[in-house]
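After this come two complexes, each holding chain A, first together with chain B and then together with chain C.
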Partner chain A sequence: MNAALGTGGVIIGLTGAIGGIITVLMGIGSKRPHLMAMARTYAFMILGGGVLAFAAMERALITRDFSLEYVATHGSSATPALYNFATLWGALEGSILLWSLVLGLFTVAVALKFRDRLDDPLVAWAMVVMFVVCLFFFVLMAWPADPFKVLSVVPSDGPGPNPLLQNHPLMAFHPPMLYLGYVGFTVPFAFAIAALITGRLGEGWLVETRRWTLFAWTFLTIGIILGAWWSHEVLGWGGYWGWDPVENASLLPWITGTAYIHSVMVQERRGMLRVWNLSLLCATFALTILGTFLTRSGVLDSVHAFSDSSIGWLLLSFFGVIVAVTVVLVGWRGDRLRAPARIDSPASREGAFLLNNIVFAAFAFVILLGTVFPLISEALADDRVTVGVPYFERMSMPIGMVLLFLMAVAPVLPWRKASMETLATRLIWPGWVGAGALAFAILTGARGFAPLLAFFLAGFAAGAALRQLVLATRRQGWRGLVGRTNGGMIVHLGVLMIAVALAASGAYQIERDARMCVEAETGCPSTITVQGHEITYVGSSENVTAQKTEIGATFLVDGKEYTPALQLFPNGSQTIGKPTVKNTLSSSVMLSVTDPPGDGTVAVKVIVQPLIVWLWIGGAVMAIGSLMAAFPGRRRRPIDPVSAPIPAAGPVRRPDEDQREPVGAST
Partner chain B sequence: MTRGRRRGLWIALAVIVVGLLAVGVLDQGERTDAQRARDLEEQVRCPQCRSQSVAQSETPSAKGVKTVIRDQIAAGRSDEEILDYIASAYGREVLLDPPGSGFSGLVWALPAVVAIVAVAGLVVRFRDWRPGPSAVVSGEDRELVAGALASRQQGEGDGD
Partner chain C sequence: MATEEDQHAADEREFLLGSLEDLEREHDAGDLTDEDYETLRDDYTSRAAKALRASNEKAEGHRGDEVARRRNRGRTIAVAVGVLAFAVLAGLLVAGSLGARGQGDAATGGISVQKTPTQRAQECQEVMSMADPQSSIECFADVLADDPKNAVALTWFAWMNEIKFSDAEPSQQVLQVRLSNEALLDAAVAANPDYSYARALRAVVAFRHGDAQRAKEYLDDFEANDPSAEARAVIEQQQLAQRIDAELAASSSSSTTSTTTASSPLTPGTTTTAPAG
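Entry: the complex of A and B
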């Protein structure tokens, strides 16, 4: 029943995608608007198929229908409701299913947003591209990653999801957020390809997709931050980012997407960097596919595991097709992509954005290289090497510093050309804010060149961002906090909080392993003090449920009770630690049990890290800032004059041409 | 703000920042053995894991490597000697930093090459991007602008 419903959903989606492609293409070919307008019907058909398949899978999980292979291998009757629901995206087939559902949502959203313009060739082509991407994912579900495979012998129970995926609620939210981000980039990509095909390469399509890009980027950001939060809360080694291939795969499109959000402003304002922007957008979308390939094909375990997975070849081919199509189209339209303007001076807003883009591109290159290098090395030189955390840290640290510096300088730069005079005036107070941050860090005992430089630059950049916000709110009241520039400055403040937290928690982490007893004896204290935090061991407890067996050890941290535990799941051979974290604004104390407690004694690892909480606060500020940036601010319409009229403008000025600065942009 | 006063403020700022950074760098205590051990643990992969470092792992093999590192530090070996020793005992691939020589030297060299090419390319582009002659406005352009301005007055409020 569930299998039939689900397979039905996949077939409906597949049919919708094929039908949409053929119908809209025929409509474009024969210039028949009613055919192009049918895109909306097909979009709903795809979404309907996705919803049906999703509902069927959830129904199978909730009713514990172990006749489905997916439920039998990833579900279990003991899994609590939330994790059982989230099991859908806990493994390959289910994540493709979620991806398709989100893609269906975006396709319908585009069809509805542009419902009056579906017969416009630009929109029609964009719909075709969306349908092609939908087709690819429904094909994956129809054949190599079929989530609705039925078992001939139905087991009575399943092993349940991976233990690590069922001990923290964040796991239920992190993947959907990430997918909203990944899949969201399909929309601007579709419009970019449509612009290339129709040759309408002006700034129109950019403006159309601006909010869509921001939306995708915001959710990708939230997804990444939630992932880091999850690993900090669950993995128990005090880390939040391990430069793991899976993490790198989510960071890569984020980096190119961030570069795009910045450089797109140069194109909107000055018509420059057209090829570059198209490439960034296509790279972002291609990287989401490449990331899925890297993490889902098993290729990173070994080159040899790759040949077994059919989905790997398909994802890699799809990636290749995206890159090839982009390159061919950009080459074909090369003559129309020439910029009408030039950069006047490197010391200008556009110069800073260009530099920012070069740095982001270098960052993406380094991470991609480090991630795939073990593969290249094994394939070409038969040499197995590991490229790990130290490599990525060493490479990203200077890049991060340059980015912080740019965040300080770029916001005060005017377009076209800045004089040293302007810069010196506008940057002096932000500079002093940086010096203040540095002095404060020194006073609180921070030492070491790299973290201190990071604190100074972060303060400097925060000063520049605040300067913009203060000036804008002084001029426009609350509207000085919304709109792209001002919202962007709030995002910058969030980024800076994260940068400071990264530098501090990385450099000043204190770790202590201790054996503790309820009754203190020699060599086994009952209370220890780490970095001024008093930790007392109280006792152990055991809690057995159908889902898991949990052995907890209760501690008092500065008087408050925490119970880190070791968990044993029926399907796992090894015990999984469940750490606890006590968060305050200035520092976090993490406790994890390293040996099962017994006889009134326990082995515990204590990690004290400063400012961890600011990673999550910074993430929230970034999300709020993006929201403010999406909120329509005081916007200049493309045909409004950019600068005040030159008094001796000549005879063409008519008296009715009122060239005041437009106030209160239309929304 | 006068020019002289601003210059004074910038000089004071530079002096203070450099001074504070100097304090922060020179005032660091000696690295303790525990810190050295921790730094080394972060550079060695836990032999039975995929990408976790020994420092992050509580598996028996990771504990084994930690013991080796502590013993070697106690024996007075330098950081390089210890890493070489671990590489010879557990195999090259347990070191999280790829070696700088041979084929894997590429992973270090390529980013540097790319950075140099990018900066050089940017410098060349900026040289080319000297402000060109200002565009000549044709009659067609004027009509376009006049049309746009006219439609702006009519269609007030149909922006996005």
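Entry: the complex of A and C
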């Protein structure tokens, strides 16, 4: 039943994608608007197929239908409801299914948003591109990553998901957030390709896709932050980012997406960087596919494992097609992509954005090189190597510092050219804020060149962002907090919180391993003090459930009880740590049990990290800022500048607005 | 129907004119400084005028003179050199950060899921070798430095030390090491009474040290404490019980006590394949 429903859903989605491509292409070719307008029907068909397949898989997981290979391999009757639901995206086939569902949602959203313009060739081509991407993912589900394979011999139970995926609720939310980000970039990519195909390469299509890009970027940001938080809370190593290939795969499109969000303003305002922006958008989408290839093909285990994976070849081929199509189209349209103006001075807003983009591009190159180098090395020389953390840290630290500097300077720069007087006037308050931050850091005991420089630059940049917000709110009240510029400044503040937390937690982390006893004895204290935090071992406990056996050790941290534990899952060959973290705004104390407690003793690792909670607060501020940048208010036309006066009675409409107009016109 | 070029020009014109309107609103609302406003307005106006002019010229059948943009060769070279230098720097740093990738290692980065001392000790067992006992001894010593009561590390640290000195000429130092190994195995049993290997190797070591009586006591203790199948397999493979019985029988019929160290069949090589923990 579940297999039949799910396979039916896949077939419906596949049919919708193929039908959509053929029908809309016929409409474009024969210039028949009603055929192009049918894109909406096909989009709903794809979404319907995705929903049906998703529902069938969830039903199979919830009803423990072990006749499905996916459920038998990754499900278990002992898995709690939340993790059981999340098992759908815990492995390859299910994650492709989730991707297809989200893609279906975006396709319908685009079809609805542009429902009055589906016969515009630009929108029609964008729909074709979206259908092609949908087709690719439904083909994956129909063939090499079929989630609805049925077993001939049905087991009575399954092993359940990977233990690491079922011991923290964040795992239920982190992947969907990432997928909303990854898949969301399909929309601006589709419009970019459509603009290249139709030759309508003005700035109009950028305006239309601005919010879609911001939406995707916001979810990718949230997904990455949640992933770091999960890593910190679950793995018990005191870190949050380890430059693991899977992490890098999510960071790469985020970097190019961030570069695009900045550089697109230069194109909108001055008509420059057209090739660059198109390339960034296409690169961002291509990198989401490359990331999927890296994480889903088996290539990370070994390039030889990759050759056994049929999905790997398909993903790599799709990546190649995206790159080739982009290069060919950009080359073909080269004459129309020429900028009408040039950057007059590096000391200008556009100059700063250009530099910001160069730095982001360098950052992406650094990470891409480090991530794919082991694969290339193994493929060419059969040499299994690993690129260590020092490479990534040495390269990213100076890049981060330059970006902090640019975050301070760029917002105060005028367009075209800045005089020294202007710069001096506008940078004086940010400079004072930076100096104050530096002085405060030194007074509170911070030492070391790199962290102190980071604190100064963060203060400097925070001063620039606050200056903009203060000026805007003085003029417009609360509306000074919304809109692209002001929302962007709030995002900057979130980034700065994260930068300070990264610098402080990295530079001033204190770590201590200890064996502690309930009754103190020689070499085995019952209470230790780490960085001013008093930690007392109280005793151990064991909790056995169908899902897992949990051996906890209870501690008092500054008088409050915490119980880190070791967990053993029925399908796990190793014990999985479950650390606890005591968070305050100034520092966090992490406790992880490093060996099962027994006979009144326990081995524990204590990690004290300053300001780490600001990583998560900064992430939340970034998300809020993004929303404020994207949604200026209901009563405005979407592309109105946010601070345009609100009309007294209804929106002001230009006389020609009653006429339907093509995308890329004045809207 | 409009041609592609016409459509492009129309989009461009409409966008620029619309942007000028947006600019006015932004300036009126105070989003833009006067300076930015002037700059952008001039830019948009000139671009819009150019677009309109091009459109009119096309309508009149003219073709506007296209001024070929000169490339700045110096700048191009400087950019190329900069990109190349950065790529070389990145390449050098990659080369400097390379390491061998073992089974299960990540291709990049260093997320280290917290390993318990027992897990680390089990990893040390994988490098146990008769030819090079020292590597595993150092590995176990690291674990014991963090967790002195770790039964797995105590057990195998003692055993590999036993191997290391198995062919050594009797001396005061060797005697000290052997006594120390016995003490470490006692400590392992005390630290984790359920760790069967500690009891098994305690019996083996006692027998190797020529104390068959104590070896028998330890072996009985091993049997009485529900040993794991893996530990029992090691004992059975070595025929320890039979050898102890033979030794005790021989010693009871002879006043001469023979040591079995040199001819012991309890070859240390078997431990390298012993299952973990």
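Keep in mind that, in the parts below, the second predicted complex is superposed on the first by the 629 of 667 C-alpha atoms of A that agree within 3 Å, B and C clash if a C-alpha of one lies under 4 Å from a C-alpha of the other, contacts with A are read in each partner's own complex, and residues count from 1 in each chain.
Everything that follows uses one rule, which is that a residue touches a chain if its C-beta (ideal position, glycine included) is under 8 Å from a C-beta of that chain, and two chains touch if they have at least 3 such contacts.
Since the model is a prediction, treat every value here as computed from it, not as a measurement.
With the C-alpha superposition on chain A as described, chain C and chain B clash in the combined arrangement. Look at A:242: by the touch rule set out above, it reaches both chain B and chain C.
Put simply, more of the residues of chain A are touched by C, taking chain B and chain C as the two choices.
Of the two partner chains placed by superposition, only chain B is touched by A:343; chain C is not.
In the superposition on chain A, contact of A:170 is made with neither chain B nor chain C.
In the superposition on chain A, A:373 makes contact with both chain B and chain C. Look at A:424: by the touch rule set out above, it reaches chain B but stays clear of chain C. Of the two partner chains placed around the shared chain by superposition, neither chain B nor chain C is touched by A:321. Judged by the touch definition given at the top, the superposed model places A:388 against both chain B and chain C.
In the superposition on chain A, A:362 makes contact with both chain B and chain C. Contact with chain B, but none with chain C, is seen for A:438 once the two complexes are overlaid on the shared chain.
Shared contact residues on chain A (touching chain B in one structure, chain C in the other): 207, 235, 237, 239, 242-245, 362, 365-366, 369-370, 373, 384-391, 395, 577, 594, 605, 639-640, 665-667. The part of chain C that touches chain A in the complex is made up of residues 1, 4-5, 7-8, 10-12, 14-15, 17-19, 21-22, 25-26, 28-31, 33, 35-36, 39-40, 43, 47, 50, 69, 86-87, 90-91, 93-94, 96-102, 105-119, 146-150, 192. Interface residues of chain B facing chain A in the complex, by the touch rule stated above, are 1, 6, 9-10, 13, 16-17, 20-21, 23-25, 27-28, 38, 42-43, 45, 50-53, 55-58, 92-99, 102-104, 106-107, 110-111, 114-115, 118-119, 122, 125-126, 129-132, 142, 148-149, 151-152, 156-160.
Contacts from chain A toward chain B in the complex involve residues 207-208, 235, 237, 239, 242-245, 301, 342-344, 346, 351, 354-355, 358, 361-362, 365-366, 369-370, 373, 377, 380-381, 383-391, 395, 424-425, 428, 431-432, 434-435, 438-439, 441-442, 446-449, 452-453, 456, 511, 577, 594, 605, 635, 637, 639-640, 652, 657, 665-667. Those residues of chain A whose C-beta lies close enough to touch chain C in the complex are 31, 121, 164, 198-204, 207, 231, 235-237, 239, 242-245, 247-248, 268-271, 300, 336, 338, 340-341, 349, 362, 365-366, 369-371, 373-375, 384-392, 394-395, 414-417, 422, 471-472, 475-476, 483, 485, 513, 515, 523, 566, 574-575, 577, 579, 592-596, 598, 601, 603, 605, 639-645, 661-662, 664-667.
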